[in-house]
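Have a look at the structure below, then the notes.
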């Protein structure tokens, strides 16, 4: 069962991710991204991270993807035009992709020596909402509160950046006195 | 005492330069007064006990090297001192007349005083470095005085040439001094003599080293006394005012080389080979210059070559001294001839000056003629001088001193002796030519018609110089120099030879030139002599040109290889590389992402992630 | 151990690596700034997957999941700001093709 | 007394501040230079040549952290740097007095301040570099002078001034940075616990191998600053194209810093290193004398000729250093002073000629001695000093260097560099011949003599210095007598 | 947990100031820009004061942690937060004149740097990856906003997008690196690696991979080659005060993180240390050469400063590469370098931002004859650039001196000579501007320079600092001693 779920997830994530890159239509890309996020959520589930799976669905597949789609619609983006392939870049890209695979092989060897096979039956002390909440609000309170600052900045930033072009004030007037 | 002799001319030079330059008359009097003080001082010194009242002044004192400005009081120095100061004094007087109307009179006298100071310094020098110091200083004053009329290109070139050629000699001289110092551990003459007589040098040295050292010292003499092959500057130096030629380039400075050789003879004596070289070079120069002198037309140049020739005699005498039984005879002969030569050559130059002065700077003998009637005093004193130079037997000083040298030559090397006689013959010939063409016969040219005798201030020194030119032979100068050790013995071979060459030269000259208006002898070899054997041209084509070409090549190398290729090349390469690196910054985000990710990849690789 | 049936940490890490590389590929070859941004999110998700799997297979007390929680939060904020920036860019220049965005160069 | 040294050092800085706040530039600069000169003269009179070590020392507290070199500000004088400090103040005064007319002109009231500020900064840097007893400050002070030199050269210079100034700055900085490496190498090669930047505490404790490793860096670093072949190409064009007072200060004073540094560091503490590298550097210094000498002969302009000639003379100084003998080293000190004075004199006068005639090309000049006798007289004195004529300061230095090198057994090197006296005579006399002798050219006709006393004084000061040291070198030698005791 | 202490800790003071500004901006609009800015500066000053309170690290007590340490105000943190606060004060100050010229900038422009500084301080004091990450992202995201702040300028927006994409890319690599760090140490604590390493000395692939990926993330912040590519464009396009903050604060964040990760927590894990030293040495060399060379043919001062900031990153890395096997000189050198580099940078950027119009955005053509047109302005640029070039007696030299000494002591002679070459190149391109200012004649009818009091004060303050510290570096010694003495 563990294996089956993993392989479904693996194929799903990979295919939809490739589709994101390969699709020329932004809307299609966005939808494929959403799909891959959902598959990832399933992967989280298979790793017994239930709360994170929910968060993944809500935040990513929900909020973030909607945001993306909304922007795509707002900007009324058309499909990208076909371009000729730069062979040099492609070769570089292949190198760029092959080397990490080799690295990965080494890491796989290392980690498999130390860890066991995935099994759901094992009673893994999984992190429930309660534990997570406790950790966040007690041990991790400081970073958590720091996140508030981050969100504040994000809010201000979005407001500033998406304001309509502010009417430039008179140059000569200098500092405003309204 | 030594300071009393040494310093007055310097003070005069300084005072004139700083204060009295606007007042030429006053300046000249100051200069003469200074010279007079020195002359009187040296006169007193001559007759006083030696070395009394000499004060050394320590110039430098470093471990292993102590240099003083001191004084030697031996007869050699005292004799030379008298010659220098008294001849100098007379020439000072003569200059009063000769330079009377020159706008640079004050400058002239300042430089003359500077020269007197330097020359006295050489004579007094009690160590090699002091000698070198004043050696350079006479070079400077000679340079300044030759270039006295610096507006004339010829004078400017001549002064430059004189200085540079002298510098070449100084180069060797300095190396010689260094060698002496390194070998014997001192530069002081007295100490050197002690060390050498004890036979211990501070450092071991090979015979070859000794020879190099001796030749180095000789090279100094070669420059200053204009010995072959560094003789080229002296004839050109005649561009200077005639009193300068008389004083510096005839009587005193050029003789300094000989004086120096006598002074360091005890060092030279260590290397017979070097002495051989000196002897041959000296005699060679004597002959060579005599040949050239027969074909010159400029009165001063003839005298200049004759000076060269006589200096060759003296140098050769020193060189030959190594090969005879009593080496001091050689040096004494050289000094003896130096002394007499100083008198009669100064006389001849001053006579020439007097002529030139009255002919408004006409120097070509073929444009003179019959001057003996216009300028009797000048003419007859000139004749006396000429006789002395030709070595007119018994009645002139030149005869005795030349005899002394020839005697040395006879003992040392018969070939050299024969060459000496040939030179004497030639001397006799060209001096006869000079006198006959310039002073006898018909006046040739307007200038001569209007010539008149020079003023008293010029003629009196002529007369005063003529006296010792005649009688100096009877003053036992050589005895004095050698400390009474010279024995005279009459060698009839020598006497006869001298008679023959004197008379032969006179007769030949008379026969060829009497009543001639232009040069009668015109065959090929003489052409060569007329052009001084093309030495100037040779040097111009080889050394000067070679040096210029080398300099040009080096300058090219410096500008283009080092300056452009290396230095600017580095800069240009950096700029080019910068341009290349800039190209990556093409503004495309994707390029930046590529750079970033390839960077990550490389980082992983370098880090050894893939072990 | 059968790699097909016995699922290990390496499997999950491999999946995460593949996802990461696909994201990298997207960043490198796509020109639409929005798609690039999506691919960047994909890379973050790959990291999340790796963290969660490390957390599952090792005894970490759940701190990995907490880290993921922070990452998701931050990513969301980043997306918001990034999209706002892209909108502002589009408003000004009517462009989303980054190849045309090379006013500052060399 | 030690405060006096600080005052001498600080007075240029004080003047800079004063000028920056609006004090009359020329007067302030003059006062500062005078204060320095008088101060250093008083110090020189009170200097006790028999005492060992440094005198008039002022120092700050050493820093607490060992790991950071124990930098400490300390100034003091001994027989080596006293002459140089004195030289600095003399040449400094002359340089400040010798203002080119276009700078002191009426329409340049504003620029004058900047000019004097920079000039004073050069003076300050040079003075500090020579007086400092800590390597760090020694280095820093030398660099202080760099930017002012650069600015003055590029703004007030002539010809290809900007390129020359840039080249100077880059070249000298490269040299300084290599020198920095040398200083680090020097510091870290000393055994643990003996590491110090303080000149007073250094001891010759390094082993031979380390010495030979450290030495080339120091020599190349300092060598670039001194224009050692083949790192000389910055110097001629920089000196030729800079305004005269800058060339006076830089060629006359600042350039000596490299030699001074080697005299301070390499000679006492790296003797074995010196010995093992003698051959290599002897070749380089011979190139300085002979090769650069020949290049000098080929120059067609007076300023470039002087520039190359000043490069050439550096070869002698290196020869003296590598002799490692008391005589040679004394000669180095003397020649540094002599060369400083004579170079400053020559550059200053060349500047005067350029200001008046508008050119320094030999082909356009000639016969100046008729039109400007005093100027010519002074120039010829300078030229004669430069070619090593006795009675002027350079001679005593040069001859001691030859003696020292000969004593050290460097026979061939000495012989070849003595050839330099011929080469230098050739080019110097050619220059004198073309500029001062001969017939008056139209350009030369524009040249007036130094009529006013304020024009004459700077050069007279230098001439007096040249003659004084030339006639009585003990004046300077007695200070360093105890230093190189046998 | 003492609430008073927490509320008076510097981070919270900054946060409150920012919030107050935002609140008042929306509620009470009658305050002038100037007043708002003064308030922001006041807040930053207050925070600066608060750093010296004994309880300035009170944030560390937040959260009932058992064995996890999130926050510690040790010497290093203290040093960097002072640095950040002083920097932000100057940045805010220079914003004033900038705002007059580009009035689109609202008052948020004053609030965001304060929040950025909160993030920086958190990074400087953090001991746990969660806090590090959040802090870093605070910095990064706020810079997205700041760089693109001038939305009416295409260049600013373009710079913003470039910064955004490359920034997000670096976040991606960083997070992936953190994941593997976590995988190895099984903890989010920074110093956990040391324990793991001391257990078994072998370097696993995942440690190396994570180190490489994290270095990439940090390298982006520092603008070190090859993660530098954004820097020149963004420096040129961003509003000048933001560029100033990027060149100083943002770079310092990278530095402090690097020190924390590999040099303080990692002391003792020699294997990794030497590996990291080598790699940092290579990065340093690349940054030095590329930055130095590419800056040579430039004609815009802001862009030159972009390239030169790459070389400064290189010098800092040079110092870090020298501290292995317990050598502290490199670390000291880096701190000194920052202390002298930042004021010089601020000085130049101050001029560039205050006279953005007059100087035409840093185009070289605007510098002709500046020495005559406005001596003081030219003097300020001179001092700033010469100090950055590392020419004595200005402070910049002390930094270079220390770094080079450290490199030499560590025996990396090749790095020394690369640093040397770069320094020479630096002199060339910095002096390029100096030449224009002093050697060229001013053009007729050029703009006049109005010197405000604050400009005069800043020029006086910073140039005096640079001069004094160059001639008398002793205070730097004190500072370094105080920072690195273990409390």
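Letters A, B, C, D and E mark the chains in the order given here, with residues in each chain numbered from 1 onward.
By our rule, contacts are C-beta pairs under 8 Å (C-beta built on N, C-alpha and C of every residue); 3 or more make two chains touch, one makes a residue touch a chain.
Remember, predicted model here, so these are calculated numbers, not experimental data.
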- Query: Chain by chain, through touching neighbours only, how many steps does the shortest route from subunit B to subunit D take?
  - Reply: 1
- Item | Most extensive contact between chains (C-beta pair count) | A-C
- So which chain is the furthest away from subunit A, centre to centre on CA atoms? B
- Gap in Å, rounded to a whole number, between the CA centres of subunit E and subunit D: 42
- Task: Take the average of all CA coordinates in subunit A, do the same for subunit B, and state the distance between these two points in whole angstrom.
- Result: 99
- Message: Taking the mean of the C-alpha atoms as each chain's centre, how many Å separate subunit B from subunit E?
- Response: 76
- Item | Separation of subunit A from subunit C, taking each centre as the mean of its C-alpha atoms, in whole Å | 5
- Message: Touching at least two other chains at once: which residues of subunit E meet that condition?
- Response: 130, 133-134, 137, 141, 144-145, 148, 151-152, 161-162, 165, 169, 173, 180, 183, 205, 209, 232-233, 428
- Going by residue number, subunit A touches two or more other chains at 89, 96, 100, 103, 106-107, 111, 140, 143, 147, 150, 153-154, 157, 161, 165
- Task: Please set out, as single numbers or ranges, the residues of subunit D touching at least two other chains.
- Result: 170
- Query: Which of the chains touch, listed as pairs?
  - Reply: A-B, A-C, A-E, B-C, B-D, B-E, C-E, D-E
- Going by the contact rule at the top, pick out the subunit A residues touching subunit B in the complex. 89, 92, 95-96, 99-100, 102-103, 106
- In the complex, go through subunit E and note every residue touching subunit D. 328-329, 332, 371-372, 382, 386, 391-393, 397, 401-402, 404-405, 408-409, 413, 416-417, 420, 423-424, 427-428, 431, 434-435, 438-439, 470-474, 477-478, 480-481
- Note: in the complex, subunit D contacts subunit E through residues 60, 63-65, 67-69, 71, 73, 110, 114, 136, 139-141, 143-144, 146-147, 150-151, 154-155, 162, 165-166, 169-170, 173-174, 177-178, 180-181, 184-185, 188
- How about subunit B: which of its residues touch subunit E in the complex? 571, 574-575, 577-579, 581-582, 584-585, 587, 589, 591-593, 595-600, 602-604, 606-609, 611
- Can you list the residues on subunit B that touch subunit A in the complex? 594, 597-598, 601, 604-605, 609-611
